[in-house]
Amino acid sequence: MSPKVRVALYWLASCGGCEESQVDAISDKIDIISNLEIVFWPVAMDFKKEDVEKLPDESIDVAVINGGVRLKEHVEMVKLLRRKSKIVIAYGSCASWGGIPGLANLYDINEVLSRVYSEVPTLQEKGVMPRPKSVTNEGMEIELTEVLPMLLPLDAVIDVDYYIPGCPPTPETFLKALETLLSGNLPPRKSVIGASTRALCEECPLNKTKPDKVLIKEIRRIYNTKIDPSKCLLVQGIPCLGPVTRGGCNAKCPRVGSPCIGCYGPLDKHIDYGAKAISFIASILDLNDENEIKKALDNGIPDPAGLVHKFTLPASRLKVNLKRGEHK
Amino acid sequence: MSKHIEVRPEIYTKIRDFMKKLGADDFIKCFNCGTCTVACPIAEVLGIVPFSRKIIRYIMLGLEEDLVNSKEILLCLHCGECSEYCPKGANPAETMHALKTYIIQNYLLKR
Amino acid sequence: MRDKDVRIGVYICHCGTNIAGIVDVEEVARYASSIPGVVVARHYTFMCSETGQNMIKDDIKNLKLNGVVVAACSPALHEVTFKNAVKEAGLNPYLFEMVNIREHCSWTHTDRRLATEKAKDLVRMAIAKVKELEPLEEVKAEVVNSVLVVGSGVAGLSAALTLARAGLTVYIIDKRPVLGGFVTRLVNIAPIGIRGREFVKPMIDELVEMPNVKVLTNAEVISVEGGVGNFKVRIRQRPTYISDLCTLCGYCEKACPIEVPNEYEGKLTMRKAIYLPFKEAYPPKYVIDENACTKCGKCIDACPVKAIDLSVKERYIDLNVGAIIIAVGHEPYEPDKGEFGYGLTRRVITSLQLERLLDEEGPTGGRFIIDGKVPKTIVFISCVGSLIGNKTTNACSRRCCSTITYDTLKILSKNPDSHIYILYRDIRTYGFEEELYWKALENGVVFVKFEEPPKVEVMGDKIMVYVREATINKNIVIPADLVVLFVGMTPSNAGEIVRIFKLSRTADGFIREAHLKLRPAETPTEGIFLAGAAAGPKGVMESVIHGAAAASKALALLLNKKYILREPLVAKVDEELCSGCLICVGMCPFNAISVKYVGERRVATVNPLLCMGCGTCAAACPSGAMEHNGFKDKQILAQVRAFAGVVV
Amino acid sequence: MSSEYEPKVLMFTCNWCSYAAADLAGTSRMKTPHNIRIVRVMCSGRVDPQFIMEAFAQGADGVIVSGCHPGDCHYMEGNYKALRRMLLLRKLLEQLGIEPERLRLEWISASEARKFVEITTDTVEKLRKLGPLKPRLDYVRKIMEEVVK
Amino acid sequence: MEGAKLGEVAVVGGGIAGIQAALDLADTEFKVYLIERSPSIGGRMAQLDKTFPTLDCASCILTPKMAEVLRKDNIELLTLAEVVDVIKNGNKFKLTIKQRPRYVDTNKCTGCGTCVEKCTARGKLGAPDEFNEGLSTRTAVYIPFPQAVPKKAVIDPNICLRLRYKRGCGICEKVCPANAINFNDTERILNLTVDAVIVATGYKFIDPRLPELSIYGYGKYPEVYTNIEFERILDARGPTGGALIKKDGSHPERIVFIQCVGSRHYKINPYCSAYCCMASIKQAILAKEHEPKVDVTILYMDIRAYGKGFQDFYNRAENEYGIRFIKGRTAGITEDPSKKKLIVKYEDVMRGTIETMETDMVVLALGIVPNIPSFLNRLGVVRNGRVITRPGDPISTYVDGIFVIGATLNPTDIPDAVLQGSAAAARVTEHVLRRKTPFEVMRS
C-alpha cells in the first residue's frame, strides 16, 4: 500500500454533526482507516495548535474542515491549516456556504450578542458580555477570541480545493468523495464532490407522481398540513426545495414526507441560490391577482430568507442584511 | 342663449336668386378664406374689417338687418381688387355691386 | 467567455444629427475601441445606408470579426437590416447586438455629457453580451399555404380575393350573419355612387365560387396557437338555425311575432326576429337574431321547405393556416342619449341613419322625409366622436368630410330647395376630393367653422342649433328641421382582437401596425397582417388598397413556399443538467415543452416550432438547465455586470 | 442625501410593450432622466430574480421590471409570472436590507410613453431620497478584506 | 414553381412607392426592372430630413429599402433611364427605354468621390444641385447624395468642360483610382418585354414663379422659400448643414408658413395637394427644435390632418411646441427694405382683424400635380391631367397589366404610397397568375 494519507480534521462554528457523519461513514471501513494517519483532530483527541505549527508546510495531505468562520481564532486556525495542507476540503454546508449559523448575518452582531447574553430567558445573570481579556478567580489571565461582525464561509478566508455538501453530508456522500479523491484523477479544483450534478428531484421517489403541469393554488406550512407522503410534496403546496437543490443524499427527507430544505446547496449554474428558489416557487403559484398572491405568499412564506437561505446566506450575492451594522 | 341671432335661410335664397338674375351669384363659392379683406385697399384704412367676406357671410346666413345696416356696401368703391386676388373666383366685387342695387331697391327706396 | 478569440466590430451611427446632435459619437467610438475584444470601432452618418452596411460587411471579411455591435436607432426599425448585412458577410447573424442610442438616448436627453456617458454604458453592455452570444441556425418550419382573413368588409374581401386568385386556400370569416361588413349600409360609395352592397356583391360572388375559398359567417376566432407559417386557430360559429334550403320566400318573417329595431336601417324601422339583413346578402338565406328570438317555433311551421331547426348548437372549427389577416374594420360611434340632442327626438339622426334615408330601398323608399315631412333646414355637425362629443378617439376619422359633401349633393338632388348648413372644425376633403367641397358650395350649402362645439336644444319640432360664428363675431342659432351628427370611426372591439391575437393598440385605440411607414400592412407578430379600418379610419377605396397590400405580404410569405425560416430565439434544454422536475412544463402557455427519456432519466424537451421564445420557463427552471437562445443567463448577466461598470 | 449623487437604475423592458413605449417617448421627444439603462428581454417573464440580485450586488441603486398590462402579454401569461416572482423577491430583499422602493414592477403598454416617462422620473426622484446602495456594499467588502488580511 | 420567376415586371419611377412595389414583387419571385430617370433612386423622399407624423428621419425609412433593392438579385436597376414608349401586344408590353449616358462605368466606380473633389466645374462653373433644390451648386461629375443608390458618380454633359468642348480638362479621368470615367459613353435605347407595368413617377411642384403666384414674391425676395427648399435647410446634409439660418447667415426670429400656395385655386390648381398641411407642421416643429426661441406661425384655410396619428401631431405642434395656427390668407408679401424684414399682411379670419406680421422667412406650402409620363397618354388612360382608373380599384387602369400608384395617381403621403406599392405588387401577382382583370366591377 502507498504510504498512509496524512489527514487533519478541524471544526469551526460547528454543531458536531459533520463529525458524527464522518465517524458513521468510516468506522467499519477498515481498509480506509488503516490507510489514514490522523495528524490533527482536536474534537476527538487532545491535539494542540502547536502540533500543527510544528509540521512542515504542506506536509498534511488533506485537511477536512467543517463549520463557518465565526471567530477571529477560526481565521488564524484555517490560515494555518491552509499553509500546512496540500488539499483543503470544506466539509458540510456550514464550511461551504455558512450554513444555519450564517443566518446570524441577518442581524447586527451586537443584537446577536445581546440576545444571547442578556435577553435569553433562562439566563441567571443577564448582561454579562464575553470580554477579550479577563482574570479568573484563581487570578489566571485568560483571553477570549473576538466574534467577527459577520459569519463567513470557508472559501471567503482561505483557498478551498473541494466542497462536500450536506448538513451533514451523508456517509455515502463522504465515502463517494473519498473515493473520488483517492481515485487518482482529481476533478477540477473548487468543484463539489461526492454529490450529484443534478437537482434532487431526479433521485426523489416522489418525482414520478408529479402531474404534467406543476401548479399550486396556495403555499402551505408543513407543520399544519396533512400531506400524502406517497405524493410529491411540492404539488401539495409544501415549498420543497428539491428542484433547486443539488442531489446526492438520495432524497433522505422527502422519502419520509419531509420537504427538502436545501442542505445540499446550490448547483453549478446558480449565481444566487435564494433568488433562484424564489423564482421557481413564485412561478408555480398559479394566482394572477396581486392581492391574492400577496396573501398566499404572506401565509405560505412568512420568512423567505429563512426558507431559501437557510444554508446559503453568507455565500449569497448580498451575504448580509445591508441595513444592519453601523451603516444603518 | 341670449343674444343668438336667428339664421334666416329664405333671405339667403331670396338674395341669391336676385343676384343670379344680375349674373353675380359667384359669391356662393366663397369658403371664407379672408383674402378679399386683405386685398381691399380701403378696408384697413377705414378700419371696417373684415370687408367683403363679412357681407358674403351675412348673405349666406340671411342676417337681413346686419346687411341693411352695414355701411360697407355703400363705402365699397368697386375697384375689383378683391376679385382679382380671390382664390375661388367668388368675385366679391361683383357681389358688393349687385348687393348695393338689391339693398337700394328693397330697403332704401321703401323707407 | 471566449475572450482570447473574441474579435468584435462596433459601429456608432450619427443618424444625420439625430444621434450625433446630442451624443458625442467620436467619443463613444473611441471608448468602444478601448474595450478588450473590440478590434474595430467606427462611426458613420447613416449606418443603415448601403455604404454603412458595406462598412460592416468589409470589416467582417477583412478583420475576421466574430461579433458585431451597432449603436443606432431602435431594433424595431433596423435589427433585420443589420442582421441581413452580417449574414451576407458570412457571419452568423445571431452574433450581433443592436444598441438603441437614439429613441432611448439622444432623442430623450438634452445634456450632451450625460447622454454620451449613457451611450458609452449601453455600448459596453452590448459588447459584454455579444461576447457571450453563440451562433444559432434558423428553425426550418413547414408552411401551410393557406390564409385566414378575419372580417369580410371591403378590406377583408379585397385581401381574400387577391390571395384566392393567386391560388392560395383562403378562409374568410365574419362575426355577423352575412358578408360585406360596414360598407353594405352605405348608399353611395364615392366616386362611383353605387350602393355599398352593390360594390361588394361582385367580390363576394367571385369569392364564393372559387374552390379554394371557404366562407364562415357568425364566426369568431376564440384562440390562436402556433406561429408564422403554422397557426392553429379555433373558431366558434354561433348556430345558423336556417339551412341552405331557404328560398327567401319570407313566410317565416310574416309568422314571427317578435319585432325589434332594425340596426341595418339605423334603428329607423323595425324588423322581425327572423329577417333578411339586406337585398342580395350572402349567404342567401334568412337569419335569426339570437337575442330577440324567443324560440316560439312559429317560423318552423310557416317554413314551406322546413329549412329552420332551432335546436342547432354552436360549433367549433379548428383551422391550420400559414398567415392571418386582421380586417375587423371599425364601429361607427354611437352618441349617448342627449348628446347633441340625439335620442331625444327623431329629428336628430346620425350619418348612418342618413345613409338609409337616402337609399331608395331604405325605410322611406328614397324620399328624403322625416316624420312624413320634407325637412327644409338641415344642419350637419361633423367630428362627432372623433374630435367633439362625450367620448372621442381624439383622432380624425378621415372620411366624414368627403361623405358629408357627397351626401348634401344627394339630398339636394332629392329636395332642391333644402337649406343645408355644415358646422365643421376643419373641412378635410384632401386630394382630388376638394371638388366635392366646391360642388357643395356651388349648390348653396353654407359652411360654418366652430371652435367651441355647437349646442343643440330641442324645441317642439324645431331643433335650435346654437353656434358661435367667430368669423363675423356673432353667436347664431339655426332653427333646423333635421340635425345630422356625422359620427366618426371607433375601433371595433379591438380589445378582444388584441387579446386573442396578442397584438397591441395605438393611442387612438386602433390596432398598432409594425411601423406606420416601413411596414403599414403588418403587425409586430410575424405572419399576422393588418388591413382596412381596423388599423385606423380609412375610406372604401383606401381599404381596397390596404387589403391588397396585406395580401401582397401574405403572398410574399406563402406563395410557392414549402417552408419558412423561423427565428431560433427559442428555449432549449441542457439534458445533462435537467433533473426532470418538470417545473418548466407548467410555465408554457403554448404547450411547447414535453417530457422525454434519456436512458431511464426523465427530462424536459422543447419543440422549437411551438416555442414562441418568451423565456418564462428559463427564468423558472430551478437548475438552470432550460436556456433561452439569445437571452441566456450568462448573456443577460454580462449586460447587468457591464451596466455596473464591470469591463470584462 | 447629497444632491450630486446620481442613482443608477437598471430597467428590464419587455420587447413588445415597454420597449416600444420607451421608443415612443423618444420619437415624441419626451425628456427622461439620464439614469436609466434598459436591458431588452422578450417578455417580463424572462426576468430571473437572480438578475436582480446580481444588479443590486453590483451596486445598482434601483431596478425596474416593466411588461405589458395583465391580459395584454404577447405570450399570454409571462407578465403574471413576473408579478408573482417580484412580489416574493421583494419580501426577501426587504430582509436583506434592500428597501422595497428600489425594485419596481410596472405595466407599460406600447402607447403609454407618458407613463414610461412618469415612472422613470418618479423612480429616480425616490432613489435620490433613499440614497446610494454602494456605501453599504463597500462596508461589507471592507469587513471581508480585513478578515482575509 | 419554387424559385421559378412568376413573370417580369417594369416599375417606372424609383421613388418610395416604386421601391416598395419592386421589393414586394421581388419577394414574390418576379423579375423586376426598376426604371429611374435621375442618377439615383429615392425620389422626393430622399430630399426629406424627417417624415410626419412620427418624426422618423426619412433616410432611416428609405435607405434600408434602397439598400435592399441592391441586395435583391431579381431586381435590375436602370438609372438615367426614361420610358419613351409602351406598346401592348397580347398580354405583354414592349417598352422602349432611352438611357442617358452616365459617362462613368458603374461596374468599376466605387463611389469614393475623389473625382468630385478634383472637378474644376464648380461654383459659378457648376450647376444648381438638384438634391438641395438649387440652394447650392454641384460639380460636373457628382454623386447625387450621400446615400444614393447606386452610389456611383455621374457626369452632367451641360457643364462638363471636356464633354462640351470635346478636349481639355478630363481631371476626373486622371484622378479616378478605378479609371471608371468614360467620356465617349453614348445614349442607349433599350427594349424590354414585360408582363405588367407599374407607373410610380411621382409628382411635380406647381411653378412658384407663375404670374398668379407672384404676389408671394418667390424669386424676388431671397427669404421666401418653398417647403422642399426649407426642408433642405433643416437637413444636416443640406446646404447649411442643418443650421436654420437665412441666406445672409443670420438666425431668423420669426418664420411664417403659408398654406395652399398653388392649391385650391380656381385658376392654378383647384385640388388640395394633401401632404402640405402636415409637411408644414413637421417643418414648424423641426424649426422649433433647431431654434427653440423662433416664433412660428402657420396661415391656413383648413388643416388637413386626416391620417393616422396626424391629429395628435397637430395638437402637439400647437400645445407643446407653441406653434401659432391662424386661419387666414395673405394677399401678398412685401419687404420692409430698412429693417430687411418681410411683411405678411393677412386677415385673422377667426378674429375678423387684419394683421401685419414682420417675419424673417416665409415658407410656401407649394401645391403638387401628378407627373404623368407621356406613354400613359398614348395608352389612353389619362383625361384632363388625371390618370383614370377602375372605379372599384383605384390603382388599376383600364389597360389590364398597367397599374398606377403614388402621387402619379393623386396627391398621397408616404404611408399611403407604401401601401399602394405593396397593393400594386399584389395586383400584378393576381394579373399574371389569373390572367383575369381584377375587379370586374362596373366596366362602365
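The letters A, B, C, D and E name the chains in turn, as written, and every chain counts its residues from 1.
Assume contacts are C-beta pairs under 8 Å (C-beta built on N, C-alpha and C of every residue); 3 or more make two chains touch, one makes a residue touch a chain.
Note that this is a predicted model, so its numbers are computed, not measured.
Both chain A and chain B are touched by C.
Think of the whole protein's Cα atoms as having one middle point; the chain whose own Cα middle lies nearest to it is C. Among the remaining chains, A is positioned farthest from chain E, on the basis of C-alpha centroids. Of all chain pairs, the one linked by the largest number of contacting C-beta pairs is C-E. Chain centres here are C-alpha means, and the one lying farthest from chain B is A.
Computed from the mean C-alpha positions, the centre of chain B lies at a distance of 49 Å from the centre of chain C. Chain centres here are Cα averages; for chain B and chain D they lie 67 Å apart.
Rounded to a whole number, the gap between the C-alpha centres of chain B and chain E is 42 angstrom. Distance between chain centres (mean CA atoms), chain A to chain E: 74 Å.
Chain contacts: chain C has residues 427, 438, 449, 471-472, 506-507, 587, 616, 619-620, 633, 637 touching two or more partner chains. With touch defined as above, residues shared between interfaces to two or more other chains in chain E number as follows: 54, 56, 264, 327, 349, 352.
Counting partner chains per residue, chain D shows two or more touched chains at residues 27, 29, 48-50, 54, 77, 81, 85.
Chain pairs that touch one another are A-C, A-D, B-C, B-E, C-D, C-E, D-E.
Contacts from chain C toward chain E in the complex involve residues 15-18, 45-46, 48-51, 53, 73, 77-78, 81, 84, 88, 161-162, 165-167, 191-192, 194, 199, 202-203, 206, 387, 394-396, 398, 426-435, 438, 449, 451, 470-473, 506-508, 510, 516-518, 520-521, 535-537, 541-542, 544-546, 548-553, 555-556, 559-562.
Within the complex, the chain D residues that touch chain C are 8, 10, 16-17, 19-20, 22-27, 29-32, 34, 37-43, 45-51, 54-55, 58-60, 68, 71-78, 81, 85, 109-111. The touching residues of chain C, counted against chain A in their complex, run 576-583, 585-587, 595, 601-602, 616, 619-625, 633, 637. Across the complex, chain A meets chain C through its residues 197-202, 207-208, 210, 212-215, 242-244, 247, 267, 269-271, 276-277, 279-280, 283-284, 286. Residues 1-3, 24, 27-29, 49, 51, 53-54, 56-57, 59-61, 63-68, 70-71, 111, 146-147, 149, 151, 235-237, 242, 264, 270-274, 302-312, 315, 327, 349-352, 386, 391-395, 410-412, 414-416, 418-423, 425-427, 429-430, 433-434, 436, 438-442 of chain E are the ones that touch chain C when the two sit in their complex.
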